[in-house]
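Structure first, then comments.
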Amino acid sequence: MSRPPVPVVSIAELEDFTDREFAQVHQDGKVYKITELGPGFLTLRLDANERHLRMGGTVSGPALFTLADYCAYYVILAHIGLKGLSVTTSFHIDFMRKAAPGPIFCTCTLLKLGQRLVVVSVAIRDKDEELIAQGSCTYSVPPG
Amino acid sequence: MSRPPVPVVSIAELEDFTDREFAQVHQDGKVYKITELGPGFLTLRLDANERHLRMGGTVSGPALFTLADYCAYYVILAHIGLKGLSVTTSFHIDFMRKAAPGPIFCTCTLLKLGQRLVVVSVAIRDKDEELIAQGSCTYSVPPG
Amino acid sequence: MSRPPVPVVSIAELEDFTDREFAQVHQDGKVYKITELGPGFLTLRLDANERHLRMGGTVSGPALFTLADYCAYYVILAHIGLKGLSVTTSFHIDFMRKAAPGPIFCTCTLLKLGQRLVVVSVAIRDKDEELIAQGSCTYSVPPG
Amino acid sequence: MSRPPVPVVSIAELEDFTDREFAQVHQDGKVYKITELGPGFLTLRLDANERHLRMGGTVSGPALFTLADYCAYYVILAHIGLKGLSVTTSFHIDFMRKAAPGPIFCTCTLLKLGQRLVVVSVAIRDKDEELIAQGSCTYSVPPG
């Protein structure tokens, strides 16, 4: 089996880049935090608050999708460098369990890091490591 | 071909229900508006502002996903009545074109309205009717 | 709304190309037939026989997937010409109703015909025009 | 993290059931073989031959989809018992690499084994354990 790719930027560099270029991530306060970065993967934590709930008091689908999208975006940047605008071309997610407010962890793993197309696997777990949602997304990487 | 189902509540009733039970929809101001409701379908408009943009100034994936999720939720409520908590079980979306800030229209159509499972088709278009994204989602309807 | 693309080859040319280059399509007899080709879309009919059934006597998931994949492949060839090897990069399909043996119709529509990525919408209907399955697939088009 | 479910039937029982009730699996010869069954997962091998190739000599999308569908079906039967007709409700798959003829391995893992809905994760690898395709599918389990 081929080896996973190695990150080319650090967590600190990703956070610095976000603060400068992608401040929308923090529009509801600092609710996202990168907790791990390794070969081919990155974990992003969401501290889910009132804003992220749906009726019934569980974390909403859009909040989970947003977490997954940011995490996928970070794992790509971490491995191709802080450049360019990769564009989401498709997203698929299955929701398995309801998530209570509190910390939620999304791990994105690079399944394919092509010149043109990147495929990312997504797994969202709660603090007890129960799987809340799983999915995949593809990104088109601009030339150059 | 079998006929599409007929709505059992009005737009006004859906909006009233939202204001009472699902106020998170309006947490960023009244950016969503139901513009059409007919047999088996509903159209929801998002007036995309700064908050909904990503780098490059186009409407973000999470903003489009959130629009789709709300629209799907509304079309189901409109046809099964203002009750219960249907739960998203899966979501798939393909992004075709970038969306500029301004009005964006999502139309959700019921493909299947089963006792247990509802399948909804999603199409997001800009004000020139160009297709921005298309997808589908499934919801589990609780018994009773 | 922008106009759909216009086919650049005829049904006869597609069938001739298939007989020469893609004979696997007919490995179970001539069960597939292109019934319509227009701007941005193509309809392929499957005459489902014993081979295509699953337990319970309905048309199997793999048979429906195969029909969709061939149809998507044809609609792309019809619009980019009989060249190159476009590669399926993702496939999503929702199954709504069981399909009885007999004629089944798949219509594939081009949602996006990019230089690099093609997105195709898939709808499978029975002879009464009831929707059996709906989905989408993406293809990577090789350069040149 | 909660424990994965334990199989309730053996590989031999699954194969015997297939021979009796689901003979279509073997309509092209005995190309499928269950190679592993454990808590929450099952691996099915396809010995891909001429029949499973597409233009260019790589294993076709439909052949990979069929392998995944059979494998998902087996892992469900293995854990709920040899009864009833679970029905595929949706299928999503991303194709990452081309597959050469020869042995191909699909592992399906139960992500959720609900009373009504089963979610299965799918990973297809070649004999060098390179990931060829990854996806997920959902099945509706009939009551009783």
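A, B, C and D label the chains in the order they appear, each numbered from 1.
Methods note: a residue touches a chain if its C-beta (ideal position, glycine included) is under 8 Å from a C-beta of that chain, and two chains touch if they have at least 3 such contacts.
It should be emphasised that the depicted structure is a prediction, and the values quoted were computed from it without experimental measurement.
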Over-half contact-pair match to C-D, picked out of the listed pairs A-B, A-D or B-C: A-B
Comparison of A-C and A-B (more C-beta pairs in contact): A-B
Rounded Å distance, subunit B centre to subunit C centre (Cα mean): 28
Euclidean distance of C-alpha centroids - subunit A vs subunit C, Å: 33
Centre distance in Å when subunit A and subunit B are each reduced to the mean of their C-alpha atoms: 23
Two or more partner chains touched - positions in subunit C: 89-90, 92, 94, 119, 138
Subunit B residues touching subunit A - in the complex, by the definition given at the top: 21-22, 24, 27, 51, 53-56, 60-62, 65-66, 69-70, 85, 87-95, 98
Interface residues, subunit B side, partner subunit C - complex: 1-2, 92, 94, 96-97, 111-112, 119, 121, 128-131, 134-136, 138
Sites on subunit D touched by subunit B in the complex: 89-90, 92, 116-117, 119, 138, 140
